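There are two complexes below, and they share chain A, which is joined by chain B in the first and by chain C in the second.
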Partner chain A sequence: MNRLKASKLDLLIYVGPALLLLLGIVYIPIVQTGYFGLMEWNGIGEKTFVGLENYLALLKDSKFWGSAYHSLILAVASIISLIFYLTISFVLASRIKGANLLRKIYLIPMLLASVAIAQLWMKIYNPSNGMLNIFLMKLGIENPPAWLGDANLALYAIIVPTIWQYAGFYILIYYAALKNVPESLVEAARIDGASPFHIALKIKLPLIMNVVKVTIVLAAVGSLKYFDLIYIMTGGGPSGSSEVMASYMYNTAFNKFDFGYGSAIGFFLLVICLVATFIIQRLSIADKDLY
Partner chain B sequence: MQRIGKALLYVVLIGIAIIQLFPIYWLTLFSLKNNYEIFNLSPLALPQELRFENYIKVWTEGNIATYFFNSIFYTVSAVILTIVLASMVTFAITRLQWRGHKIVLGLFMLGLMIPIHSTLIPLFNTYTTIGLINHPLSLILSYTAFNMPITIMILLGFYEALSHEIEEAAIIDGASIHHIFFRITLPMTAPVIATASIINMIYNWNEFVFVNTFISSDELKTLTVGIQNFIGQYSTDWGAIGATLMFSIIPILLIFLILSDRIVEGIAAGSVKG
Partner chain C sequence: MKRFKKAHTFFLACIVGVLLVLGGCSSSSSDSEVSGDGNKVVKFMHIWPPGSSKTQNQIVESVVKKYEDDNPDVKIQVEYLENEQYKDKIKVLSSSNELPDVGVTWAAGYLKPFVEGGLMADLSDVLAKDNLKDQFVGGTTEAYAFDDKTYGLPIELNIAPVYYNKEIFKKNGLEVPTTYAEFVNVVKTLKSSGVTPIALGNKEGWTGSLWYMYLADRIGGSTLISEAIAQEVSFENADLEQAAADFKELAELGAFSKGTNGLSNDEAKIEFLNETAAMYLMGSWELPNFTTSDETTQEFKDKIGYFNFPNYESGAGAADSWIGGPGVGLFVSEKSKVKDESKEFIRYFIEEWGKQSFTKAGVIPATKVDTSSLDLPQMNIDVLNDLNKAKSITLFADVQMPASAADTHYNLLQSLVSGDITPADFTKQTEQSLKSAK
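Take a look at the complex of A and B:
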């Protein structure tokens, strides 16, 4: 290492502004969120200290646990869809012509604003004029469901666009990882008579396992933070059936003006995200020792 | 037999490509139709004539033009600020000698895992107190802070691969650290700056929660939030809604057509932000 000598002033100039923004806009607010959770506060008036009341109420709040459960369903669905993305990546990476173009096309939904994606899929799901129900009625189904208006279906109807939206992202990551697998290993296995399926499962998959683990963290934490599509498409409804932790926090604070309770939810969300990251990373370190 | 297998694979892969593109194709179709065509004819029928009047109508009647220019202003300001600050920190972390560079890097990387929702209430409160609610700075500063970790992550690999020899030669010639950073290192990182800028741009252009929370004045809203409210007024005019959405999509699609390799590279490099 031949690092350049720097004075204190140099460091202040180069590190100071960015660090100040990070502390001021990311780290100090998360501490404040925990602190505001101890208050009763409507966002405008005085804060009243109520101790752990909000946090204790949260533990008994069935709406909160419902939203946590919905977040969990989202996380499980997105982790399961990783298998589907991985399969496509294996096919794409197996010397297929046009693979580059295809993976770029797959990426396009991820570039679109969540507002546009939400509006687009709301139009597709529209009970009377939506493309989906027009299609179902043509197939002879007389009373197709209301999708986003149906408490039993709303959450699952939102999962479909999320799988659609992120497909290109994960395929891109897996594809890049698979392209890094040394050709010599694959060649050697082929000479030994291994089938393509066998090579994929026994040679390539273990070699990209680290990338797979990173994507599992991404999918899980991303799902726990999930907000935009749900807030726009259903607002958490009908009757809380698609409420997730982030939308419950937002609705509580900014629509019901219960900022103290909203802060408690926000703090819980933070803790859950960090714990989930930690657990999944621990699991992957434990796994690594097996090889 | 192998041929049939390969043909089948292609059918599946192309099928997925169609599914990925189809909703956008459908949106384009209905942005060019009127309500009669949308509700009475097949959803897949081509428009009877290309009705660009939807586009003209939403551009001139609503605030779409204002939202559009706001989006450009916030996006560009935040991208410039983020790139400059992130480049300086990355330079300090990878090239300067000081204790604590690992801790600072750790702080930025942990920032990747923090949900913005957990900061929303205090930020709203602080911005209200210091008068930044309904102010462009609330967005520009928030975008910069939250995009800093991912930007540093993209820059980091590039900086680490840069040779130290040029810097050492410059030091021998008597150049100051600032001279080295601004005249030598920063220009050398132009390719990765381009990649990081595009990724930042896409995130900022599409951002929803911060605008929805910090901005209430119509004059200051961005396309994403403006569109959302605008659609409320036009909830029955699907052609107008389609045209409005197209305004938010077209810039990104154009950039993707021109710079897709850089975008793919940037997303792969910064794959931690899902």
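Take a look at the complex of A and C:
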């Protein structure tokens, strides 16, 4: 402890730059956003203080809750898709032929920019000459849906590329975790006559549970603030049917010139993400022996 | 050991110090309005990247170069961004008071918050000097005026004709429609022969708004929609509701591209360029694609004609009125430290642009053009003549409306197409959004 005290200046110098940066580009803007949320402001002219009006309006805004519901669908879908990623990782980690090559293939979508992915899938979904609809028409379906142009389907049509986009990321994490499971345990189970399915479910899965929990938090919070594919592929449309919280915030601040209300949405979004993280962690820490 | 530590600390402190000093230097030098050799620097931001707007970009480059040659003591620092990104960046820059000295702006509803925030310089003196105002087509500078002061000088003037593919029309035995009833017939015939009648990308909303504007203009006359937007009359009006009903009917007939609500304007345009769609309603800024651009083949260009939106037999509208208006204009920042030079530059720019934009890019400038001496594709000259003859030009709805109402307007048009709302809901909700935006 004395040693620490002696080098306080050292500490400051090492931590200082990072702390300044973090304060400047993360924490101060957060406080600022919350503060702007108290204003009526079009982003350009004078700010007028309106107190909690924006936040109160937000609680009653059916469009906001609609977008929050869409975000929730997205979050649930991406948490469910973790099962799918996990299954693939189990297969990859069980020393099948070409596992290395496959792992790299799964990683490709992650290396693409979101904009490129969005453009790619917009081409696939194009209602009259997209790959998907041409395929469906070849199968004899006369009037295939318009996907991104259909208010009932647009959100689900976007979920597919998001699942595809993050596959590589989660598979990589799970794969690394699975490779860390001691081979001796697996060997022992095998000698005792456990089937590969049992080994996966009863031995490997419990051992990597901590990693799974972290990915659940990542997936949930990531999809609550999800923005880029939606912004490019539908812009939140048609008629707001694929609007999520982040795109609603963007549209309010930048397209409707309402920075005050937009900031209130942004701040609220932050609160929701924090609450979601807290709840998920609480739920998953239930079995304490893991910690 | 202790000495070593001290040296270590000192070393780190030095690094931090140097970094801070360097950081300070770089930002202060980029802020200065005077460059190293004593020249004044005017920052100019525009929306024509060389990739997507090649000809416009070249014109800007040549004007800037010419201006710098004529005024050796002024340097123009050019920056460009694509349309939507430009709009975003301008908003961010204006909230931190760092607007460029000269920039591109849109008229009326878009410009209003900037003017109210005191960010734009009054350009009335530029207009008054040497009667510059007389060089503009009547009604164009007014779209940039608030309280008799002009805050932007227009450089583009557009009308929106319906472009059509003559060959597809001929194959189906169709003539250019002269009444709305004929137009609906054209749509039905094309649809039954498996052609997409109208290429429309309604994802962006303003594209569908063009169709709605024409319907409203033809049914209710050329002033009704503007009055309703200005809240002089209610938007809940039988004629405007009828226009919404007819727009909905067109969508139900399958007149628009399949999945139009999910298509961007560019995606829809491809259908027209690939000749799978027969008609395309768009501003005259698209003209180069059908006349001078080297991106499309001559064979295709020959197939394309245009007509004005047809009139109703019973409607109040006139066939020689158009939807359109000044496109973009130039502004000078109120906070600029080189305001005089900036004003001088936009004056120069507007004159040069007027000379070059129509002949080189096919973009109609807001200043008057003398066509007699020009060697131009016939379609360009026809559009320009129609523009000069136009009885009235109704400003694009999204330019007239406040930003939040325009956003609602787009969403409602999408809902009309998908059949989620009735025409009565449409007018009612538009009225509400116009009221609350006041």
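Operating definition for what follows: the second predicted complex is superposed on the first by the 274 of 291 C-alpha atoms of A that agree within 3 Å, B and C clash if a C-alpha of one lies under 4 Å from a C-alpha of the other, contacts with A are read in each partner's own complex, and residues count from 1 in each chain.
Here, a residue touches a chain if its C-beta (ideal position, glycine included) is under 8 Å from a C-beta of that chain, and two chains touch if they have at least 3 such contacts.
Note that this is a predicted model, so its numbers are computed, not measured.
Colleague: On the A-aligned overlay, A:Pro17 touches which partner chain: chain B = first, chain C = second, or both, or neither?
Modeller: both
Colleague: What is the contact status of A:Ala154 with respect to chain B (first) and chain C (second): first, second, both, or neither?
Modeller: So A:Ala154 only meets chain C here.
Colleague: Please work out whether A:Asn255 is in contact with chain B alone, chain C alone, both, or neither, and reply first, second, both or neither.
Modeller: The second partner, chain C, only.
Colleague: Where does A:Trp65 make contact in the superposed view: on chain B (first), on chain C (second), on both, or on neither?
Modeller: neither
Colleague: Quick one: is A:Pro238 in contact with chain B, with chain C, with both, or with neither? Answer first, second, both or neither.
Modeller: second
Colleague: Output check: A:Phe49 vs chain B and chain C. Expected answer is one of first, second, both, neither. What do you get?
Modeller: It touches nothing on chain B or chain C.
Colleague: If we overlay the two complexes on their shared chain A, which of chain B and chain C does A:Leu172 touch? Say first, second, both or neither.
Modeller: It touches chain B, and chain C stays clear.
Colleague: If you stack the two complexes on chain A, which partner ends up touching A:Val91: first (chain B), second (chain C), both, or neither?
Modeller: It touches chain B, and chain C stays clear.
Colleague: Mind working out whether A:Tyr125 is in touch with chain B, chain C, both or neither, as first, second, both or neither?
Modeller: second
Colleague: With both structures placed on chain A, which of the two partners, chain B or chain C, ends up touching more residues of chain A?
Modeller: Higher number of touched chain A residues: B.
Colleague: Per the definitions at the top, what is the overlap between the chain A residues touching chain B and those touching chain C?
Modeller: In the superposed arrangement, which is not itself an observed complex, chain A uses residues 10, 13-14, 17, 43, 129, 254, 259 for both chain B and chain C.
Colleague: Please give the residue numbers of chain B that touch chain A in the complex, ascending.
Modeller: 9-10, 12-14, 16-17, 19-21, 23-24, 26-27, 30, 38-39, 42-43, 85-86, 88-89, 91-92, 95-98, 104, 107-108, 111, 113-126, 141-142, 144-146, 148-149, 164, 167-168, 171, 177-178, 180-181, 202, 205-206, 208-209, 213, 223-225, 227-228, 231, 238, 241, 245, 248-249, 252-253, 256, 260, 263-264, 267-268, 271-272, 274
Colleague: For the complex, which residues does chain A have touching chain B?
Modeller: 2-6, 10-11, 13-15, 17-19, 21-22, 24-30, 32-33, 36, 43, 88, 91-92, 96, 102-116, 119-121, 123-124, 129, 131, 134, 164, 166-169, 172-173, 176, 214-215, 218-219, 221-222, 224-225, 227-228, 232, 246, 249-250, 253-254, 259, 262-263, 266-267, 269-270, 273-274, 277
Colleague: What residues of chain C sit close enough to touch chain A in their complex?
Modeller: Counting only chain C, the residues touching chain A are 5, 8-9, 12-13, 16, 19, 87-88, 91, 94-95, 113-114, 116-119, 196, 202-205, 257-263, 267, 271, 276, 402-404, 407, 411-412, 414-415, 417-418, 420.
Colleague: Touching residues of chain A toward chain C in the complex: what are they?
Modeller: Per the touch definition, chain A meets chain C at residues 7, 9-10, 13-14, 16-17, 42-46, 122, 125-129, 146-151, 154, 234-235, 237-240, 251, 254-259.
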